[in-house]
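Note that the chains are named A, B and C in the order they appear, and that numbering of residues resets to 1 at the start of each chain.
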Amino acid sequence: MKWLAFVAMIGLTVMAYFAPPINTFPEPELARMIFFHLPCAFLTVGFVLFSAVCAIKYLSTREIIWEYRGHAANAVSLGVAAATLATGILFSKVQWGAWWHWDPRQTSFLIVLLLLGAYFAVRMAFDDETTRARAAATYSSLTLLPILFLVFVFPRLPQVVKNSLHPSTTVQQGGFSREYWTVVLGVFVVLIWTFSWIYKIHVRTSLLEKELVDQDGKLEAAGNRTTAHRVDRSVSVREQS
Amino acid sequence: MIKCDRLGKRYGRRWLFRNVDLEVQPGEVLIIGGRNGSGKSTMLKVMAGVLPATEGTVFRGKDHRLDLGYAALDQPVYPVLTVAEHLELSAELRGCAPRTDELLEEVELAYAKEAAGRHLSTGMRARLKLALAIQAEPAAILLDEPGAGLDERGRGVLHRLIESRRERTAFVIATNEQLERQYATHELDLDS
Amino acid sequence: MNSSNANMLRTNSTWTHEIGAVVRKEFRTELRSKSATYTSFMLSGVTVFTLAFAFYGRELTSEAAAGMLWAALLFAGVGTLTRAFVAEEEQGTGDLLRMWARPHAVYWGKFLFAAAQMALTAAMVALLFLMLTGVGVKELPMLAATLLGGSIALAGMVTLVSALISRGNNRSTLAGVVALPLLVPLVALGVSALRNALDGFSISTGWMGCLGVWLYTIVVLAGAPFQFAAVWGEI
C-alpha cells in the first residue's frame, strides 16, 4: 500500500506539470504551489478539529487513548500547518512580491500555528502525566472556538475580505480547470493517506511507551534489566494481630 | 468509609505504588508506614483527591466535602485569613456548621482565634488543620504525619481526637511514629 | 457524637452561598495584601503610559488608538488575572479549595472577582489612555459596552487559563503563550468596535463588533466552568 501512495505522488507530480497554467496569476507557472498548499491547509484544519474532538472525548471518558490520539493529531497538524505556511510564504513572494503581506488568511493561519505551538508548550510544562493530559486536553478543547473563528469566520468578514490578496475567488468561482482540480484532489487524498499513517505511528508509539512502563515492574520482578527505578508492586493491607 | 480500587501513582517511569485495593470502615484505623520518599504522603494526597491517580479509583463517600477530612503536615493555610475565618470559609463552602468555638476548644487553639495564618507556628497550623479536618464530622479522616510539629499537649489533643472518633470514623494515618501506630487495626508498609 | 448528629451539622449549601464565599475570600485576601492590587494598577498605568509615550508628538489615528487600547487591556488583563490560581498554587492553598468546594463554585467565585477587577482596570486604562493621547470618543455607549464585554470575556478566559497553567512550570511565560492566541478573536472584534466608537465612522459595524465581543463572552462562559472542572478537580 505504501508504494502505491508513492507511485500516486509521482504520477500526480508529473500531472501537475501538464495542467494548463492559470493566467490570472502574475506568475502562472509558479502558481503550481497550490497543488501542495491547498490540500495541506485542508488537512491542518481537519486534524486540528479532530484533536479537539479527541480532547473532548478524553475529558468525558478519561481514557488515555484519546489523549494519545489528540496529541498525535496535533503533532501532525503542526507539521502540516508549517508546510502550509511555508508554501504560502513562497507563493506570496513570487505572486505578490513580498514574503509577508498581512493577508487575512495568511495571518489567521499564523495564529492557528501559534495556537498549535502553545498546545506543545502546555504539554511540556507538566511533569505529572495525568495533570499534563488534562491540561493539554482542556487547552485543545479551548482552541476549538478561536480556530473555527480564524478559519471560517474571520477571512469572510466583509471589512477583511476586501483587503485579502488570497485567490479565494479563483478557487471558488471556477478559476481552476478540471486538470487543476484533479491534481489538487489527488494530492489531497495521498496526503490524507500519508499523514493518517504518520498519525497512526504516533499513537502506536505512545501506546508502546505506556506498555514499556507497565512492563518495567514485571521485568524487574523477574530479575531482568529494567529502565524503572522502582519495582511495580501490589500492596495489600494486613490485619493487625 | 474510604475505598481504593486498583489505585496507582507513577512519576515518570517510577511507580510509587500500584494495585492498591483497600477499604477502611468506621472503627478501623489504617496506618501507612514506610521510609522517607516511599510515597506515604502521595498516597494520602491521591486518596484525598488533591493529586490525580495514574490508575484506579477512590470512593470518598457521597460528597467528598462532607464525608472526607484531610490534614497534612505540608499543607499550608491562607496567610491573610485568620483561624476563625478559615473555619467559616470551609463551613460555607462545604455546607456545614462552622462550630468555630467548639472546634478551637477541642484542638486547644481558642487563644489564637483571630491570628492570621502567616503568624501561626507549625504546631498551631497543625491544630487548625485538624479542626478543619473534623469540622463536618466526616466518615473518613486522612492524616499525614499528624504528630510532627506538635508539642506534648498537641499530641494529647491529637490522641483525644482519634480516641473519641475511632468508633464511628475510618482513619487512615501516614506515619512512622510509634505513638500513632498504637491505634492501628490495619497496617500497610510501603517498604515491603 | 453519632452519625445522625454528624448529619445535623450539615446545612443547606447553595451555589450562591458557595460562590459568595469564594468572592468574599478573594476580596478579603486582596484587600489585606494590598501589594497585589497596587501592583496590578501600576502595571496598567505603566503599560498605558509607555504606549502613549511611544506615539508622543504624532497624530494617532482611531484605528491605531483602538489597537493600542486593546494591547494595553491585554497586558493589564493577562498580567493581573493570571494570578487568580497561580497565587493559590504558589502558596499551596489550592488543595484547601479542592477539598472544600465544588469546582463550579470555585470558578464562578474567582471569575466574578476577576471580572470586577478587570472592569475597574479597563475603566482606568481607557480613561488614562484617552487623556494621555487626546483621542476623542464619538460613541460613548459603544465604548462602555465594548469595554465591559471585553472585561468580562478577559476575566472568563484568563481565569480559566490561570487554572490551566497554575500547576505547570514556567507559569508566567506560559500564561502569555497560552492566553494571547486564545484571545485573538476577542481582540479582532473588540478593535473593530472600539475604532468605530472612537471615530464614529460606521456605527453599525461598531455595534456588530460589540455584539461579537458579547457573543465571545457568552461562549467562553458557557464552556469555561466545565473545562475548569476538568483541570481543577482531581475528585
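Note that a residue touches a chain if its C-beta (ideal position, glycine included) is under 8 Å from a C-beta of that chain, and two chains touch if they have at least 3 such contacts.
Predicted model, so just to flag it, every value in this text is computed and none were measured.
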Completion exercise
With centres defined as the mean of Cα atoms, the chain at greatest distance from chain C is chain B
Problem - Chain nearest the overall Cα centroid - result: C
Problem - Pair sharing more residue contacts (C-beta pairs) when A-B is set against B-C - result: B-C
Completion exercise
Expressed in whole Å, how far the mean CA point of chain A lies from that of chain C is 31
Practice task
Please compute the C-alpha centroid of chain A, do the same for chain B, then give the distance between them in whole Å.
Solution key: 46
Handout entry: Interchain centroid distance [CA atoms averaged], chain B/chain C, Å
Key = 35
Exercise for the section: Send over the residues of chain A in touch with two or more other chains. Expected result: 127-128, 131, 134
Exercise for the section: Please list all residues of chain C that touch 2 or more other chains. Expected result: none
Problem - Per-residue multi-chain contacts in chain B, two or more chains - result: 51-53
Handout entry: Of all residues in chain A, those that touch chain B in their complex
Key = 127-131, 134, 213, 216-217, 227-240
Completion exercise
Listed in rising order, the residues of chain C that touch chain A in the complex are 160, 164-165, 167-171, 174, 177-178, 180-182, 184-185, 188, 192, 205, 216, 219-220, 223, 227, 230-231
Exercise for the section: Using the touch rule from the top, collect the residues of chain B that touch chain A in their complex. Expected result: 10-22, 30, 51-54, 184-188, 190
Completion exercise
Contacts from chain C onto chain B in the complex sit at residues 1-3, 5-6, 9-13, 17-18, 20-22, 25, 28-29, 32-33, 91-93, 95-102, 105, 233-235
Exercise for the section: Spell out the residues on chain B that touch chain C in their complex, using ranges where they run on. Expected result: 45, 48-53, 60, 64-66, 68, 70, 74-81, 85, 89-97, 99, 132, 135-139, 168
